[in-house]
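Structure in structure tokens, see below.
Labels A, B, C and D are assigned to the chains in the order they are written; within every chain, residues are numbered from 1.
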Amino acid sequence: MTIDMQVFKQFAEQIPHLGERAQPPQMADHKRVSAAKETFVRKLDARMAVDLESCIHCGHCASACHFYVGTEDPKYVPIRKLDLLKRVYRRELSPLRWLHRLYTDDITLKELQEWQELVYDSCTECGRCSMVCPMGINIAGMVNVMRQGMARAGMMPAELMAMEQEQGVHDSLFGVGPEQMKGAIMQLQQSGLDIPLDKHDADILVTTSVIDIMLFTDGLIATAKILNHLGLNWTLRSDGYEAANFGLLSGCERVQKIASERIVLAARACGAKTVLIPECGHAYPSMRWEAANEHGGKLPFEVLAISEFLGREVKAGRLKLNPMGREKKITYHDPCKLARHSGAIEEPRWVLDALGVDFREVESNKELNWCCGGGAGVFLINSASELRQKAFEIKMGQVEKTGADSVVTACGSCRLNFMNGSMRSGWDKGIESLVEIVAEALPVQQSSEPAKQTTAS
Amino acid sequence: MTDDKTLGERLRERGVSRRGFMKFCAATASMMALPTSMIPRVAAALEQARRPSVIWLSFQECTGCTESLTRSHAPTIEGLIFDHISLDYHHTLQAASGDAAEHAREAAMKQNHGEYLLVVDGSIPLKDDGIYSTIAGITNLAMLKDVAAGAAAIISVGTCAAYGGLPKANPNPTGAASVSEIIDDKPIVNVPGCPPIPTVITGVLAHFLTFGRLPELDALNRPKVFFGQTIHDRCYRRPFYERGKFAETFDDKGAREGWCLFKLGCKGPTTYNACATAKWNEGTSFPIEAGHGCIGCSEPGFWDKGGFYEALSKGTYGSAEGIALAAGAGVAIGAAAAMGSRARQAQADRKEEK
Amino acid sequence: MTLLDFARGPALEWSLMIMVAGSLWRLVGAFMVRRTADLSEPRSHSTVAGGLRTVFTRMWPRKEFRSETLFGVVAGYAMHIGLAIVVFLFTPHILFIDSLLGVSWPGVSNDFVMFAGAITVAAMVALLIRRLTTPLLKAISGADDYISWAVTMLPVLTGMMAYAHIGGPYQTVLAVHILTVELMFIWFPFGKLFHAVLWIPSRAQLGAAMQRRGVKA
Amino acid sequence: MNRLDAIPIQVEDVGLPHRTENLQPLMQQVEQALHELVEHGAETVIDLSSMPFSEQDEKDLRARLGAGEVNASVMAFGPTLVQESAFPGVWLVEHQNAEQRRLTLQLVVARVPEILMTPPDDLPDSLAALRRANAESFDTPGKDVR
């Protein structure tokens, strides 16, 4: 209902050719190894040091990992994915390094190549393993450091490299840059929707993503309707609209900073107090948790995920919704990056509650949810498609057990992965976006709020 | 001096009947901890036993060992056995003194060369050529070597002779040594204890009398029959140990009720001796029964093994300074390691900036 | 100097010094690795409480993980509780600790301690077999795992042997027992046994970090 | 201070008797020994002094064994007390020295403990002594026979 499967298919057909656009750097082998190593050395900190000192090799992390559980291949045991980082730590930074060096080998290019699959294809940095680890080791965070090392060695998967390079150099994704974005918005404006573009003075800076522009336009439309309905002073800005951060996903620190700084500057330019992140999982932690550190100081605005924003509005009573009825059986898929990584857990549930649906939790939910298998860029990695599917089947089973007719989520990649997975498995559950169902449930005319008149459908 | 009467004849002379002799043999076998089935053999051997010549040398000692032996009142088995031997030299017990005493020793050595039994109590000072203890101007060391040369066997009575004992305790000012540290070409039996149990001394003598040879020995040359098990093994308080019931002080309920004295420093678990079964003062009691833990007096170096009232499981090291020093060193190395790792990270940062 | 004297004297002193020095070396060295402040706006400020909570809540897996981790948790607990009973409730051990630290408490009966020791051995054997036969554990196991297992197992075994009076003269077995404990002391800071110290900070820092983001870890 | 009762010593009742838990295995050993005596006529002597055995154990033992018909004492090199138990063939033999201190305590499983039997070597001496005595008392052997 909210997405044209034909458009999705066209998009999906692009993915296999995504890597062809990548321009892998030319580097000597030893340079690659040393680039990875130096990055590990730079990025390791005291917390990681304690974590790396702590592992007791109990293997419990495997039972939390969708890639291990889906394949039962010992190479996917989460903590093993950190082996190279651990070895560099042991040789270079560990307090016992003088001893460790006696029996710990240096990392090699061959190993880096082998580990590429382990830190990209078979890890969505979902962080579920940290929830079972008896020592509380933050594995996902260190997988990200592994990715950063790989990135510096020019060894990321071609698909992510292509995206990262495009975002860094052209400020575009899938060929959608500021101009294309403006074009798309103008089209929407012409259809009667009020979308303030490039305002100089706004309370809320709304960001979006190429996926919403190309594919899930309804998500952007829904956001606009809701904000207008609430009568808020908001804007989209062509100098800082892209929430997706392929620097973060690929491990490229430089592009990560470029991408998040664009939003920071845009928010500054319009004096926004709030930056609203669309339904895009990793974009939230990218702005909410990482951006300030890249920026080098506290951000002058609050960062809210759209699901979080909606929940708060509902809770505060500012947003009233038409009940959808108990006959609608719904379950919610917590995007890892929003729930486990960022604590936006209860807010979407408040919204679903307000919608009055027959809401059913999956067995392992909230901060313990199973990842859909497509996060952290894995959805775009072609070589990961089989793995992804096996991981997705776990999620599918969880949803099946609830007896819900459709699954609502608040992350575009999760949705893409669900759609892709259900297409492959011939699954019949509906896959819906939280913001879109909220937009559908908006009461027709709320109050006589001035100025922003909504031309809802 | 020696006469040719057998032990049987000697006893008969004293009016001991055949029944009495049988009883004596049963008691002797019991004393030697032999199985009761050995009694007839013991009887047959003792009946024929000749009177051996014994030379007793006392060196750096306190006479406690001799006291222990002579505390037994006649006519005890110990007394009878002791009476039977020909004690040709023992400077505490013999009537002769001065030159006469030394002549008696020399005569016995000559007459019984290669056959006499040498009993030693006390340790031998080695430092400064052994001048710290002399008898008739002869150093203990010289006398031991001289007398040992013609002995059939040597019995080291008491912990001093067996292991050096108190004179050897830290700082061992006289350079005291045990017999076996000096003599290595003769069979030596150690009967340690401070003092040793009299029945154990006479048991060894009886064994020598009965069988003409020394009893079976353990790795420390102690007779296995008496030193085969620890005090703890045979202690009547052992069940309390197993149940975890311990006296905490010498006057608490546990002490009154006879609970285990382990916590009060009892060395029973590491002390091999027969106190718990042979007991003292003619079988009356032994230290643990009297309410005091074993101090391990029959073990080598017992004086230097930590306090008598320190539980056995405690360490004997005494330096909190060592630990403090180690802690300081640990922090220092750790901090240095961290400084090094920070420098390493800073270097990586600089490379990245380039 | 007999073996027992050596074990109770210089070997004890040196092994304790190595343990203390090594532990602080590792702890200080790891904690003082560069640390950068997180400039993002926390969702929750009660990170200390969050850290503390995780230290405790991680003692038992949440129900979502229970069935998969059951064996490891049960065997692990059996081994740890058994070991704790043996180490901390056997009277001679209490006296040993008393002599080191000057604190003591009442012990329990030896039969119970032996029972706990047997449970410990059984659990450790089961855990070792699992480590040797499960592909996922083999993939992440190394020398440290087996050394740490052995230096934990040896004191338990030799202790039980000393108690049961088997394997030689009591003081020799006791000396060997004490020496194996000292071997464990020495290995402690350098292998994974060090988790006995690190479990608190490593759990706490995850709990605190997640609390900061508004998640109960 | 030469009077012992001037020393203020107070004897406390310690209450709990010591038991070594050796009684049960001992009784089983006795049973086996009696079986051997019945089947093969083999005698057994158990030396109670060579095993951990407390006073209370001995009391328990005596209570278990009870007292039989024979209660004898032998005066040889000090007294020896022989007590048959309520189980014929099981005897307690206590050897004491002249000062009535115990040398050993034996549990004898036999028809008669050896100590009660006349030593065979004493018999010729005994016969000779009796003849001598008779000769001294009665000048003509057989004269008195009526």
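In this section, contacts are C-beta pairs under 8 Å (C-beta built on N, C-alpha and C of every residue); 3 or more make two chains touch, one makes a residue touch a chain.
Here the structure is a predicted model, which is why all the values come from computation and not from measurement.
**Q** Name the chain with the Cα centroid closest to the overall protein Cα centroid.
**A** The chain sitting closest to the overall C-alpha centre is C.
**Q** Could you let me know which interface, B-C or A-B, is made of more C-beta pairs in contact?
**A** Between A-B and B-C, the larger count of C-beta pairs in contact belongs to B-C.
**Q** Can you work out the whole-Å distance between the CA centroids of subunit A and subunit B?
**A** Chain centres of subunit A and subunit B, defined by C-alpha means, are spaced 81 Å apart.
**Q** Express in whole angstrom the distance between the two chain centres, defined as the mean CA positions of subunit A and subunit D.
**A** The mean C-alpha positions of subunit A and subunit D differ by 97 Å.
**Q** Centre to centre, by mean C-alpha position, how many angstrom separate subunit C and subunit D?
**A** 60
**Q** Roughly how many whole angstrom separate the Cα centroids of subunit B and subunit C?
**A** Taking the average C-alpha coordinate of subunit B and of subunit C, the gap between them is 42 Å.
**Q** Two-or-more-chain contact residues of subunit A, please, as numbers and ranges.
**A** 44, 93-96
**Q** Give the residues of subunit C touching no fewer than two other chains, as numbers and ranges.
**A** As it turns out, subunit C has residues touching two or more other chains at 25-26, 28-34.
**Q** What kind of graph do the touching chains make: line, ring, star, complete, other?
**A** Its topology fits none of the listed shapes; call it other.
**Q** According to the definition already given, which pairs of chains are in contact?
**A** Every pair of chains in contact is listed here: A-B, A-C, B-C, B-D.
**Q** Sort out for me which residues of subunit B touch subunit D in the complex.
**A** Subunit B reaches subunit D through residues 16-24, 26-27, 29-30, 33, 35-37, 39, 73, 75-77, 234-239, 256-258, 276-277, 282-283.
**Q** Name, in rising order, each residue of subunit C that touches subunit A in their complex.
**A** Going through subunit C, the ones touching subunit A are 25-26, 28-36, 38-41, 43-44, 54, 58, 61-62, 64-65, 68-69, 72, 76, 131, 134-145, 190, 192, 194-195, 198-199, 201-207, 209-210, 213-217.
**Q** Please name which positions on subunit C make contact with subunit B in the complex.
**A** For this pair, the touching residues of subunit C are 1-2, 4-5, 8-10, 12-13, 16-18, 20-34, 91-93, 95-96, 98-100, 107-113, 165, 170-171, 174.
**Q** Which of the residues in subunit D end up touching subunit B in this complex?
**A** That would be residues 12, 14-16, 18-21, 44-47, 49-52, 54, 74, 76-78, 80, 95, 97-99, 101-104, 106, 114-115, 119, 121-122 of subunit D.
**Q** Could you please specify the touching residues of subunit A with respect to subunit B in the complex?
**A** Residues 38-39, 41-42, 44, 92-97 of subunit A touch subunit B in their complex.
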